[in-house]
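There are two complexes below, and they share subunit A, which is joined by subunit B in the first and by subunit C in the second.
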Partner chain A sequence: MEAPPVTMMPVTGGTINMMEYLLQGSVLDQSLESLLHRLRGLCDNMEPETFLDHEMVFLLKGQQASPFVLRARRSMDKSGMPWHLRYLGQPEIGDKNRHALVRNCVDIATSDNLTDFLVEMGFRMDHEFVAKGHVFRKGIMKIVVYKIFRILMPGNTDSIEPLSLSYLVELNVVAPAGQDVVSDDMRNFAEQLKPLVHLEKIDPKRLM
Partner chain B sequence: REEKQLELTLEALISQVADLKNSLVSFIYKLENEYDRLTWPSVLDSFALLSGQLNTLNKVLKHEKTPLLRNQVIIPLVLSPDRDEEIMRQTEGRVPVFSHEVVPDHLRTKPDPEVEEQEKQLITDAARISPDGAQKQIQSLNKMCSNLLEKISKEERESESGGLRQNKQTFNPTDTNALVAAVAFGKGLSNRRPPGSGGSVQSGQPGAGAIIAGASGMQQVPMSSAPAQQQPMLAGVQMAQAGQPGKMPSGIKTNIKSASMHPYQR
Partner chain C sequence: MAGVPVVRISIESACEKQVQEVGLDGSETYLQPLSMSQNLARLAQRIDFSQGSGSEEDEPGSAGRAWAEPGEAEDEEGLVKFQPSLWPWDSVRNNLRSALTEMCVLYDVLSIVKDKKFMTLDPVVQDPPPPKQNPQFLQLISKKKSLAGAAQILLKGAERLSKSVAENQENKRQRDFNSELLRLRQHWKLRKVGDKILGDLSYRSAGSLFLHHGTFEVIKNTDIDLDKKIPEDYCPLDVQIPSDLEGSAYIKVSIQKQAPDIGDLGTVNLFKRPMPKSKPGSPHWQTKLETAQNVLLCKEIFAQLSREAVQIKSQIPHIVVKNQIISQPFPGLQLSISLCHSSNDKKSQKSASEKQNPEDHLYVLEHNLHQLIRECHKQTLSSTVMPHPASAPFGHKRMRLAGPQAFDKNDISSLQSNEGLLEKIIKQAKHIFLRRRTARTIDSLASRIEDPQIQAHWSNINDVYESSVKVLITSQGYEQICKSIQLQLNIGVEQIRVVHRDGRVITLSHQEQELQDFLLSQMSQHQVHAVQQLAKVMGWHVLSFSNHVGLGPVESIGNASAITVASPNGDYAISVRNGPESGSKVMVQFPRSQCKDLPKGDVLQDNKWNHLRGPFKEVQWNKMEGRNFVYKMELLMAALTPC
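This part shows the complex of A and B:
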């Protein structure tokens, strides 16, 4: 049930296949301030933007071994925002020169009956978490620094506890397929955040 | 052609000397006016600047394109006790007259008597030492210098790394892996495991019930494939609660079987 790799898909019209280029790292709580200062200097000048999101990950288990994963995200602090449904494919096993993790990505804005819809379709929620942090932008690059909170009682987003003493730092770009120059730009930006944070491509399969 | 070279060299020399003069002026100004706020690094900077400029001056003089200035002689052609505006302008008011008193000072090539004495002394000393002795002295000097340099660089490296070690821990790689795993596939976040959450599940409103039903895992599989209605959903929740605490592993097996037997293929 995974979407086939981009290179095999014929272009039959419709939307362009967007890929997400991703670099991840983390920073300890005590060094968060210095990281935010540095980001504020490096990134585009805008009002510092914080967010509080609740993300639920839904699985559809079919006959095949690997389930189909969809992520539903809603904003807990901003009212009136649509829900965000996202599909992320398997990371493309490109050459070693590619500096970022590349995977197929589909983003959809939905109304707020998304969870009911997914459950009706047969999806089951696998896990959920609350993400609280800051967003920065530089051109097409988006830098997100956030803390992951575990939800102690399912469905109750008030009783949460932090998962670790660090903030996760993600640098991602959503761009059409084939633009490898994007990963070079990302690597150059990541260089500027050393030695505070080491942004690198982390293969999730290695951590299973 | 030699004249051209000479001209070029003179121009280069003039510009170098002008730079040197400017940095000397600024250094003197700094010393005179800011002496109470002056820091040692700032003084070192000025000295380094002067030394660098002297170096470039030396390089210009040693450059292969410079003719042997030693062979050139400067002869004053006209000496007059009158004020010369041109000279005034060029020397910024320091030399008003190109006269008999000024010329010997400005055009001298012989060093000071004391300096001459010292140089003579050094030359006689150097002639006295045999070539072997001189070589040995050179070698020992080189060795001492390199030892000193090594000691200094080692000190510098150690202090730097010591400082770095304190600041280095701005991130924890294990945390990175844990967080990435949590975001990628919910490691450490899964709601199915903790037994406490199973007991505290409340069957509240239908909306909450739907989410909770999802959270309690695959118990709902046979229930939801029926046309969606509120009543079967709620009933499913009660059933799931009753069966959940002890029965999860067997529940999972039966659900998979029933799912695959269901007429509607997913």
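This part shows the complex of A and C:
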């Protein structure tokens, strides 16, 4: 698989050369409450927050075999927040010593005319969905528990239906490249969530 | 059956069958002849086993027996003597008899031996077992063995008993430990690492960014000596605090007038306040942890301050030496912030008694430093809001908006302008110092100058950077009519703003002299104002009034003020000039008619000119009666007013 064009650029330092460490799992709707309860106890002492986001995935098909994917996300329940444009690289499973999935990641806050800009650039919207759930924080770790909703009519985020009867649980850390130590912390945290939810590094390629 | 022994008779029996009875008719019934075995039994019955020995025995026991069956014994003896071979059981009898004899001998020997009077038994000497000692030794060994067995059983029992007791106590202590741990858990963050229980002292969960790990270890303090008395403050749970957090610490803030010798830097403030006598036992874990946490917080404050002291560029650079930060808020003034950390070693306690200056402390600032750092913590905690959309990274919302909204440099720098702890505390120190100095100035003026009087009303509730005082200048006894000068002094950080009653605002710098001069000029103006007020009351007319007289000698402070008032009928006039430095000068103008010595000019011949006023004459003010200026003035006015 060819590397996407962004990684061809020599980028160093700053927020560009960041990696996302990710662990995923899922819980059924009925055990959501106990998981949230546990998370409230484990995470930093902050008011638990909910979120309602709308995410669109854009593709740019070039001469390369694989399309270039960008994710544009906006908050639907909080106004005045910038849009979030995200590039995610190819996930690396790594060996046993690394306890989390690692992928390159670029986060950019943008203005709200992002979609127009992307379309102008030649991107095409591949799919969109609404994510609704809870977000927690522990140190640099972010824990999101959310349900994915299918958008019935394209562009209308009001008519949605849940995709499944379960919630997706993600534990992620965005850290500079090479800091595999964070994956240990993540593993420890994931251990504490057992048996409510088993967070694992899930290779998306296998699922496809 | 047997015949008389002397007569030899045949042994053959007379008849084969014994006659049992003879019937009346002469018929004989016969006994059936004995069978062989019956015969044997009968014969055996006849044998007297004890016979024969009786003659040899001289003991009484056997005599009785001999006496019991004498006849039979005779009979037997005869039988033995005369029919030895004929007796079919003779050999058996003989053998038995000899055995009996032997037995009797043995019995006698044993009974004699038992008495140990005439005979003793001596074992035959044999080689392998040692003679004589052997039985004692054996006895000893067997005794020892049995004792050892008994002892072992006892020991086992005791062991089991003590074990169960210890287990009981251990259980109890374990329970105590667990309950203590539970209590500890309610107040402190704990976690289990391996087989250790670690706790968190740091303020990290409260938002601190201090790098110190602040970990303490929970120890099970159960291995005390069971024999000794358990001390009263015994606690099964103990905590191990990192060595650098032991002891007690505090931040000392002081303002000094003159700069100390450079050699004293960093050592002056090492002296500690007297430590409360610690009790001999180890303190409770709660107090231990609280002190350690306080040490940690003090360290954090000091680290933060020293970092800022080095980073912040100021006109007079801040000095950080050892455990002391020195800054100069005002020229000639030194603010020193120092971290005093006393571990419990003897050496440091010794030096504590050497020098102490309790007045040196600025407790307010020390308290405020703690408050500021906590505010800082809170800010870091509250500034990290959850990201929206949820996939976005953590961070300030405004920082994330900076890109999309194209912030310019000013906007971005305004995001980051965060006044440091040191700057804040220096500002507070400046304010405190300025306030103190203002109070001192006013007080010294009030005590130095009696007329007019100066009163200061301080507000009780202040901001950390601003406080205000109301200054009233009055004359004693005339407070009601002389209310001209009311000043509101707003003391800030660098300057004092004076708000006049009429709304004028004057800004004074931090210099002490400025305030003093200003107050002096106000006081001199007050006298003139008082005359004006008095004139109104007395019915005099104000002819002229000036706060700032342009004539006369120049005052070094401010300006002289002057007033001229005329008596109700216009005959007399009083002119007062009062200068802050030159003091008051009072002149009285007489009517021309009263002046005898006035040279009669040629020009003013007409009588009407006599109504013109005459020349001024100065009143010797210090010889006037009256306790203060206004009173004197009242007397003067009264004297010049015609009845």
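In this text, the second predicted complex is superposed on the first by the 191 of 208 C-alpha atoms of A that agree within 3 Å, B and C clash if a C-alpha of one lies under 4 Å from a C-alpha of the other, contacts with A are read in each partner's own complex, and residues count from 1 in each chain.
The rule we apply is simple: a residue touches a chain if its C-beta (ideal position, glycine included) is under 8 Å from a C-beta of that chain, and two chains touch if they have at least 3 such contacts.
Computed from a predicted structure; not experimentally measured.
Q: Looking at the superposed three-chain arrangement on subunit A, would you call subunit B and subunit C a clash or a fit?
A: Here the two partners, once superposed via subunit A, clash with each other.
Q: In the superposed arrangement, does A:Ser166 touch subunit B (first), subunit C (second), both or neither?
A: First partner only.
Q: For the overlaid complexes, name the partner, subunit B or subunit C, with more touching residues on subunit A.
A: Counted on subunit A, the partner with more touching residues turns out to be B.
Q: Touching A:Ile151 in the superposition: subunit B (first), subunit C (second), both, neither?
A: Once the two structures are laid over each other on A, A:Ile151 reaches subunit B alone.
Q: Return first, second, both or neither, reflecting whether A:Ala65 touches subunit B, subunit C, both chains, or no partner chain.
A: Neither partner.
Q: Which partner does A:Pro195 contact after superposing on A: first (subunit B), second (subunit C), both, neither?
A: A:Pro195 sits against subunit B, while subunit C stays out of touch.
Q: Give one of first, second, both or neither to describe whether A:His127 is in contact with subunit B, with subunit C, with both, or with none.
A: In the superposed model, A:His127 contacts subunit B only, not subunit C.
Q: Who does A:Val181 touch here: subunit B (first), subunit C (second), both, or neither?
A: neither
Q: Where does A:Leu28 make contact in the superposed view: on subunit B (first), on subunit C (second), on both, or on neither?
A: first
Q: Just name the clashing stretch of subunit C against subunit B, choosing from 127-135, 163-171, 451-459 or 505-513.
A: The superposed arrangement places subunit C into subunit B at 163-171.
Q: Residue by residue on subunit A, keep only those touching subunit B in one complex and subunit C in the other, then list them.
A: none
Q: Using the touch definition up top, name the residues of subunit A that touch subunit B in the complex.
A: Residues 24-28, 31, 34-35, 57-58, 60-63, 115-116, 119-120, 122-129, 148, 150-155, 163-166, 168, 195-198, 202, 204, 207-208.
Q: Hey, which residues of subunit C end up touching subunit A in the complex?
A: These residues of subunit C touch subunit A: 205, 381, 384, 386-394, 397, 400-401, 403-405.
Q: Mind pulling up the subunit A residues that touch subunit C in the complex?
A: These residues of subunit A touch subunit C: 15, 44-46, 49, 51, 53, 55, 71, 73-75, 77-78, 80-84, 86, 107-112, 131, 133, 135, 137, 140, 142, 144, 146, 174.
Q: For the complex, give me every residue of subunit B touching subunit A.
A: Of all residues in subunit B, those touching subunit A are 168-173, 175-191, 197, 200-201, 207-208, 210-218, 220-221, 224-225, 228, 259-260, 266.
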